């Protein structure tokens, strides 16, 4: 068991290292001079100032030296100053915008996985019934729909109120600006703004978990121990929940965690659609402004989040599968 | 008064390619304390027969006939009664103990489950009973805390045997319990089964394709081919003086150590057993039968009396003059 | 490509059957005759698969629309200065069946022409992804050892990186153009293909006929091209079709975020302009619905075909 744990932590660390190196080279090796870009369009744009900014950013040092500086800075969360935020430190900018994303992505992921797995279990258990086919159909359509488009549809229908649909929710933002609410009513307001993006993010990814769980369940149904349990006289419901599901959860768990990266990606587009002030929308703004320090830090953030999520998944997997505990 | 009485059993599987009749009219009888060996090549329907006895076949399968277990027809039982009867009146030792046990639950739990779901004891008592059962099959009681993957194939088979005795059934059905094991382990497990059967006065339905094993263990033999019983009777006479050409081929296919004539004239059978959906007309064995004559493709023989408590489904039983001299 | 669409398969060998008498004596002709028969068998089974047939019909419909775009809607309609344009933000009418956009262009024309870029980008990016993924998968699975370990480690790392973040960064750094988009999608979707191909190669490698051929002195090249590829091929095909679906979705998303070529019309860029122009909030549904629905339908079509192929060519699933 210890071997498994250590192995997984080492792996996560190595992956993080890979991401750090990758991140570094990604931005250094790209065409375009960051210093020139920074000053472009401003009156201070001249060769001396560009050279000075390059010096400030440490871009005139040899590459290995830059890498060491980069590692040191990353370790102390010094990501430099954001371009389009007029020189405010990147770390501050991110810190200001991270909570809304945590709220949205956190709750949505849990809901999406929970609902998706449940539907997948029933769809697999009642294979080839109308429930199964019905959900397969819904899942397929949801899968084929880009998550931002689902957001647009929801926004149009329930935000702007198109055709027969009522305008129920505010069309964007985290809370109503200037409303001066506090305490309970403030949280209600936040929730009100959260509904549409949360709904979109949850249902956009629900389908994956359903499919994964369903096929895992169907695989397990063909295993001999299910027949043994039935022959012993175990009730059908108990067969499902006490024999089939614990086994079907194993590959599902790993595959589910693998797809977490996509939810973080979805956060980017959905925050854009709903003007939700989280790090997702920040990413889009960073792209538009070609704000390299910000982009670099955000990329690290997203990758780091996925690595940690995977590590958590691997560790919890240990409690699900006794065969791994013995290893 | 027989413990198990199967009459005119028909099983038709529902497949993508259409209905497949795997069992086409089988009669079996097992008296209390008697061991019936059921032999045949793969695909002859013997596993289907035993799955039919406790109604363990897939939902869409058609099962017709009567299966009287202790006087009651299993095929007509309501689900609640069926579940109560399973394991308490008849239990199964499945083949491939590889996956016949739930990989994520401890052995002890699985044996205890069999006891508690039939209300035969509370948790603590059941655990004590499980310990006693485990010892009976030659494993130390602390093994109860193990997971299936921590045991060897032979040990897992012993656990299956112990579990099958958990509710003290009168009938134990063993489906190829030794096929997946090494020869040395095979012998041990066989001996264990024989001893238990004698000690506890169990009736057994023992299935295997290995005829020599069956003769050791059973009181009576039934040979199946293409979904029907083609010969039955007391085991030693059936083995040493087979009345049906198929039995003769099966018995002859096993080399006797020291029998020089066998070495000189090996008697395997050409061809393969028929696919259940595509059985030859008349006697299903006639294409492979060395003694077939012109009536064989036209008449499908019933089980004719062929000696003291023996029957064989061969036209030659009543018309021995048609048997050609074998080369 | 997102997991959930993956079905890791271990399939039975393809080419082990008796030939029909009288056999042609040339082994190459035997092999081709066998392949033709296997193909017609697959085609016949496919025809019976309802989902696959619906998908195929949809697919053919959209491909035809893309090919015959100039005949369906005049290309001049894409130019905002054309006299054929109407008033801006108009809802559907007889003259403009899908209404008009902010420049007065017919949304119908835009949608029809947008099919070309969306499909082309999807297909080419998938080609890149499949080639890279298959090569790496076959190399890793076949040669094993440290090569496999290194390749698989790299693959796993790539799988960890959040796809959209990586794609966005790359596209932002390399500039907005079609080639960049194709490149970005291609190099971010090969990992899952590589994984699947490697698993399949591993299962084929240990088949006894491969070992027998090796014992007869077959070279690696021969083994790969004659034994591994034909068995891995069907799985790659099914996977390819599913990957196209993912690639089209990727292009749509990247274009929507403004990373696509601003001069090209794809369904993604139409949505980008529409949303950017406030169509969602203003309730201009005619501008937003057609391109989106087309995306959904095309992706669905590829998915249905892919699943049908997967069902047919992957024996592990067929048993159920």
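Per-chain residue numbering starts at 1, and chain names A, B and C are given in the order in which the chains are listed.
To be clear about the criterion, a contact is a pair of C-beta atoms (placed from the backbone, for glycine too) under 8 Å apart; a residue touches a chain by one contact, two chains touch by 3 or more.
Because the structure is predicted, anything quoted here is derived from the model rather than measured.
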{"item": "Contact graph of the chains (line, ring, star, complete, other)", "value": "line"}
{"item": "Identifier of the chain whose CA centre is least distant from the whole-structure CA centre", "value": "C"}
{"item": "Most distant chain from chain A, judged by the mean position of its C-alpha atoms", "value": "B"}
{"item": "Between chain A and chain C, centroid-to-centroid distance (C-alpha), Å", "value": "24"}
{"item": "Between chain C and chain B, distance of the C-alpha-averaged centres to the nearest whole Å", "value": "50"}
{"item": "Computed distance of Cα centres, chain B from chain A, in Å", "value": "54"}
{"item": "Contacts with 2+ other chains: residues of chain C", "value": "none"}
{"item": "Touching two or more other chains - residues of chain B", "value": "none"}
{"item": "Junction residues of chain A - those touching two or more other chains", "value": "none"}
{"item": "Touch list for chain A against partner chain B, complex", "value": "223-225, 227-235, 238, 243, 246-247, 250, 320-323, 326"}
{"item": "Residues of chain C defined as touching chain A within the complex", "value": "2-5, 7, 156-157, 159-166, 168-170, 172-175, 245, 249, 252-253, 256-259, 271, 275, 280-283, 285, 288, 292, 295-297, 299-300, 303-304, 319-320"}
{"item": "Complex contacts: residues of chain A adjacent to chain C", "value": "15, 18-19, 22, 26-27, 30-32, 140-141, 143-146, 148-149, 152-153, 155-156, 159-163, 171, 207-209, 211-212, 215, 218, 222, 255, 258-259, 261-262, 264-266, 268-269, 272-273, 283-284, 287-288, 290, 295, 298-299, 302-303, 305-307, 310"}
{"item": "Touching residues on chain B, where the partner in the complex is chain A", "value": "51, 54, 56, 83-88, 91-92, 94, 96, 98-105, 113-114, 117-118, 147, 149-150, 163"}
